[in-house]
Amino acid sequence: MLINCVAYENGKKLADIPAADISNFVARPECFVWVALFQPTNEELDEMAEEFGLHPLAVEDARKGHQRPKIEEYEDVLFAVLHTLEAASEAPDAPLTEGEVAIFVGRNYILSVRHRTQKGFADVRARCEREPELLRNGPGFVFYALMDAVVDRYFPILDSIESDLEDIEEQIFVRNAARSNIEALYALKQKLMVLKHAVDPLMEASGKLYGGRVPQVCVGVQEYFRDVYDHLYRIHGTIEGIREMLTTAIQVNVGMISLSENEVTKKLAAWAAIIAVPTMVAGIYGMNFKNMPELDWAFGYPFAIGLMAVIDLYLYFRFRKAHWL
Amino acid sequence: MLINCVAYENGKKLADIPAADISNFVARPECFVWVALFQPTNEELDEMAEEFGLHPLAVEDARKGHQRPKIEEYEDVLFAVLHTLEAASEAPDAPLTEGEVAIFVGRNYILSVRHRTQKGFADVRARCEREPELLRNGPGFVFYALMDAVVDRYFPILDSIESDLEDIEEQIFVRNAARSNIEALYALKQKLMVLKHAVDPLMEASGKLYGGRVPQVCVGVQEYFRDVYDHLYRIHGTIEGIREMLTTAIQVNVGMISLSENEVTKKLAAWAAIIAVPTMVAGIYGMNFKNMPELDWAFGYPFAIGLMAVIDLYLYFRFRKAHWL
Amino acid sequence: MLINCVAYENGKKLADIPAADISNFVARPECFVWVALFQPTNEELDEMAEEFGLHPLAVEDARKGHQRPKIEEYEDVLFAVLHTLEAASEAPDAPLTEGEVAIFVGRNYILSVRHRTQKGFADVRARCEREPELLRNGPGFVFYALMDAVVDRYFPILDSIESDLEDIEEQIFVRNAARSNIEALYALKQKLMVLKHAVDPLMEASGKLYGGRVPQVCVGVQEYFRDVYDHLYRIHGTIEGIREMLTTAIQVNVGMISLSENEVTKKLAAWAAIIAVPTMVAGIYGMNFKNMPELDWAFGYPFAIGLMAVIDLYLYFRFRKAHWL
Amino acid sequence: MLINCVAYENGKKLADIPAADISNFVARPECFVWVALFQPTNEELDEMAEEFGLHPLAVEDARKGHQRPKIEEYEDVLFAVLHTLEAASEAPDAPLTEGEVAIFVGRNYILSVRHRTQKGFADVRARCEREPELLRNGPGFVFYALMDAVVDRYFPILDSIESDLEDIEEQIFVRNAARSNIEALYALKQKLMVLKHAVDPLMEASGKLYGGRVPQVCVGVQEYFRDVYDHLYRIHGTIEGIREMLTTAIQVNVGMISLSENEVTKKLAAWAAIIAVPTMVAGIYGMNFKNMPELDWAFGYPFAIGLMAVIDLYLYFRFRKAHWL
Amino acid sequence: MLINCVAYENGKKLADIPAADISNFVARPECFVWVALFQPTNEELDEMAEEFGLHPLAVEDARKGHQRPKIEEYEDVLFAVLHTLEAASEAPDAPLTEGEVAIFVGRNYILSVRHRTQKGFADVRARCEREPELLRNGPGFVFYALMDAVVDRYFPILDSIESDLEDIEEQIFVRNAARSNIEALYALKQKLMVLKHAVDPLMEASGKLYGGRVPQVCVGVQEYFRDVYDHLYRIHGTIEGIREMLTTAIQVNVGMISLSENEVTKKLAAWAAIIAVPTMVAGIYGMNFKNMPELDWAFGYPFAIGLMAVIDLYLYFRFRKAHWL
């Protein structure tokens, strides 16, 4: 589906143009064209490929989707694949769905192809159009703006993972830590791996867009790409930190639950001892010997009961003191 | 066994030729020869080595098999070893069998030697012959097509490992997680290591076929090799992700089963306490003291039974509440 | 809030100057201006940006805070972000709060913007002013002095983590190692990760300030930056060492506590056996057979009691010897 | 002990020569001398050092042994240390003994010094003498042949480790997995570390013998050294794979045994419950209340026994169903 | 404290000279001065700094100590910090104390400053003076000799750690593995980390003293520094190996002890069952039913006892067979 197809001149919007006119505008050196597609049909994509003269391998990648995040040069055209991440639903522990945006950046055009992503980039276009002095930098700047938008959307996801971890951490050392903790930690790890999978290859790739030799379309906006790289690097660092804490938290949590269970067993064993002692005493006075003087005492029975009580109280307080009860 | 031996000119099939004529066609600059062998005899391989003038060390590697995946240059000839992976049987958890394809790529010939691999590359040849404009690129393109086919066959294996992992993950937190889970996770890890063993060295090696200086036969088709590299890199990334989740899953699963067992023990200990109390009470009223007033009560017996029942009901509900039962 | 705004000439303080005069002094080649802001308002920061002609992206970073530690070049201006760490309170196990200092270093000015940091850098300014021969090196030296101060404040934090670890290590092998140990180790790991997060990116970045090509403002004071790098590298090495010991300590501690619990269970089971034996003997002499000679013995009862005592003493000493009690 | 001292010309054996004549032959440009020592005395080694003009530091290394595997250049002489591995005895689980071969390779000589190694290199010499066209390549080729022989002897060791691991893996999930499994895994890991210790530094070092700039003596036989590197790399890869599986296997095995033990405890606890119930019932009918109607029933006794049996059968089948028995 | 201050000419000792004369001798091109300090006062160090013209940052490092091992260039002066390790006492498990030697190497002087180190370098000086032909190489060679001495003293420490590990490994699989094993492994790991901390940064730094461009003072003695590097690399490799085995050993040992404890619990549970059965039987014959034929049998009592014995013997042998006892 064609979302937008707009020509710009000197950073200002010229006009919405039909797809068939694209090649005319691309031929004008002072113009550039910005096209946005959403899950295009084969025909739509083929038309674009022809209008812009795109490389067949890159077109195939954009068509099929399911690429890894990457930034590639095909001669003077930059081809980028970014992963978008969105919560599958409003629920607090909804899994992440992974979408994809393929972007072609030429000398005077930029084409974005969005797959499996709810949220579009209308806001990016609006902001760019409000700042013509920046938009004048051309497709390279638009590319930055799109990339920046995708990366900015990682932050709330990262934040939610971080605060989920903190919530769980508070539960770890609570006495009756439920096994649901481990389940939550495991789910968090899965989420984190999805994020890591989106961030790490992109960080690596975006490192080539500033400093030293950069692709032609990035010349003049390198410092913006360094900014994006910086954000990715920061996310990467936080992911690594969370990952390590998650591993430790799972290890500690399994240990903690195991201790909880053992403690219950210990407690029950202590109670068993407390019950076993009167049983033994009763057994002794239940023996059928002819000659057992206590049996004939007037206070034999209360004495026996008292004996049981005394021993049990002693045990109870000793076990208490030893923290076995 | 000689599978195919065909000469091509300008991307079009010229003729099936006998092995003895190979050197004639190789001498014609506009032609190239594409030969496919399957577990060749020593004589067959020696004949090829002579016709093409192959390096003895490479020929030895192709003869013996059991090489690691690699891509080597012998002067202007490229020698590659790829690992093919096939399920040993139709069974869902069949182990993987590792085959091998050795490929020699010269200026105007390409020779593939297949070992321990059921599925051949007839489909690759057919597709190439349908696209003469691409096949015109010569042996370098054929090399790409073969490599691409081998790598494409890794994807279903990877997908099956991924979906197996997801199946097991759903079982981990189920109460009576069977120990068979761990067995399955262990088998999955073994499978993954076989795949990793095929992919990682090849990824490394194929990184040298594009960008910067590339072997002569790859000139002009570098972007295709970048595509293959990309696929390998994506597989590599997914493998690493699965590997980390597998480690966590095994750790969590061992923990979970251990908890399950502990819970049963805990439950049995709780029941033991419930049984021990009436035994104790009964023991007390089984004592033989002369002077035990309760024994003479009309309702002594029901009273004792009632006492037992009351204590046990109390214990039962307390244990319930503490989730010990 | 503007903390200080001072012009220096040849390493000597010239005068406190109003913000509006900054651009005049910056224009004088033999002068440099050193400005310190604390959580500035947007207007304050914008004024500075104008006076010094700062790059908008860097200004945004300084305004928003929450950057990762980094050192970036914007043409001939150096922009650095450092993390400051302070204990949240006087309590011995208070968590760390992470502040931030953004620093702009130009040819003849230096501007520091402090966020969420209690302790300022008045002491750094004082020391610099006492050593005019060093201050003569200009903004590069001041930058070193600020960085050195930030890094020096990491050392007491690192030391406290190290000594906390040593304290806990002494508790690990004590018999009744409390589970609080693990809690403390986990908290220590969290603290360590915060420190690591501040140190590692800064170490990486500061490695570019000496040797080979360095930014213009660092020329002549490179050896000072190597010194800072050295301190960071040393902290980094110690962090890695602590991190590894922490992992081992947690693993060992979970193991140790689990053993402690098991030992109690073992001990209780041994006592259960000791109680069970007299119960069994008593049960036997409680049977109602007509023909049980012992029952009629004069010393049957003491004999039975003696039998119980002998068996139990035997068990007690055997269990003792086997370290089960 | 001097094993061999032979002069070669154009790849053909010229004569066994006495050690004192070495310097004469080394001076003849078309000749080279190949000397093999086994645990030489100080005097033997000093004589060689003089005849060949070896560097004192290298001679010290060769004399003392216990070096790490390495390849060093002393001007135009190559000095290599290789580790040989041999099973200490014929027993299947015999530990590995680590020997050492120090090799000096000059423009027209090669000297090998063997320490703590049973098997010599007579077979290497024999094979070389059978292939004069290869031996014509001079000391560089002989160096390759020796290195190749050492590396080839690693393969059976690696294979035996691999098959040992497979044997143990089959035992892991068997119900009564003996703790001997863990012992075997630990021993396997020790063996693997010895192999890794021999292979890794050598692989690193041998990477410098082909491609780019290589030492003078390796010129012309670089492709042979790439072959050796390849073998080492393959061994390295397999070692890493085994190492990871070993770690997982140990983890899983400890878990499995722990489960086995827990299962026994669970089973015994279940049986304890089954025994406790009749004991309780018997206790109740052993009470001495005057008024217990059941006691006077004609079939009171069989009724009580029946009651016990019914409850126990119910428990037995329930426990069975819950897999507690 | 000034230990030694000697001037050398052409590798031969000229004279012990007073500190005040140093600058005279340093000015003579054919001489060099070798000074050794032990925990110098501020004044001593300041005097040296003046005589030799040392860089203030390096002097500060040497004064304060507690640096990481490093080798730095200050123009044409090399400044090195080495860590010395000494056992704190004669006891076999004495912890290591970490000392420090700071070394300044100029064109014709060398100054060593020793901190917290018992053993000096008198032996190094003695050996150097015995070999004037080597000492003629100047301060670079002396620097090598000192570094070599420090590194050589790491070997016995490494050996003792290795043999300690072997001793513990033999204890791991012994049935009643004491928890002291884990304590010993933990202490070993602490020791190892101290060694690693001394070795790794030094190895890294010393790699810059040979091959390619080296500091001026190392020219001509590069092969000696490669030798030192080699030793450090070997130690490093062994440390990594031990570290991995330690991790495995701790893991296995915790597992083994846990199994031991479980086994005892299992055994006690089995004995509990053996005791519970006669108790049950006795309970049954202790019931007060009117009509219990066995009670009136002449051999009822021996029959009951026999029944108990038979059941218990059966259980005993079954448990034995199942390795539960």
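Descriptive notes on the structure:
Just so it is clear, A, B, C, D and E label the chains in written order, and each chain counts residues from 1 on its own.
We take it that a contact is a pair of C-beta atoms (placed from the backbone, for glycine too) under 8 Å apart; a residue touches a chain by one contact, two chains touch by 3 or more.
In this text, all values refer to a predicted model and were calculated from it rather than measured experimentally.
Fewest steps needed to get from chain B to chain C, stepping only to touching chains, is 2.
At the interface between chain D and chain E, two copies of one sequence, fewer than half of the residue numbers in use are shared by both copies. Centre-to-centre, using mean CA coordinates, chain C is 41 Å away from chain D. In this assembly, the C-alpha centroid of chain B lies 25 Å from the C-alpha centroid of chain D. Residue positions 251, 258, 262, 265, 269, 272, 276, 279, 283, 286-288, 292 of chain B are each in touch with at least two other chains. Residues of chain B that touch chain D in their complex: 55, 57, 67-68, 70, 72, 74, 176, 179, 182-183, 186, 189-190, 193, 196-197, 200-201, 247, 250-251, 254, 257-258, 261-262, 264-265, 268-269, 271-272, 275-276, 278-279, 282-283, 285-288, 292, 294-301, 304-305, 308.
On chain B, the positions that touch chain A within their shared complex are 169, 172-173, 223-224, 226-227, 230, 233-234, 237, 241, 244-245, 248-249, 251-252, 255-256, 258-259, 262-263, 265-266, 269-270, 272-273, 276-277, 279-280, 283-284, 286-292, 322-324.
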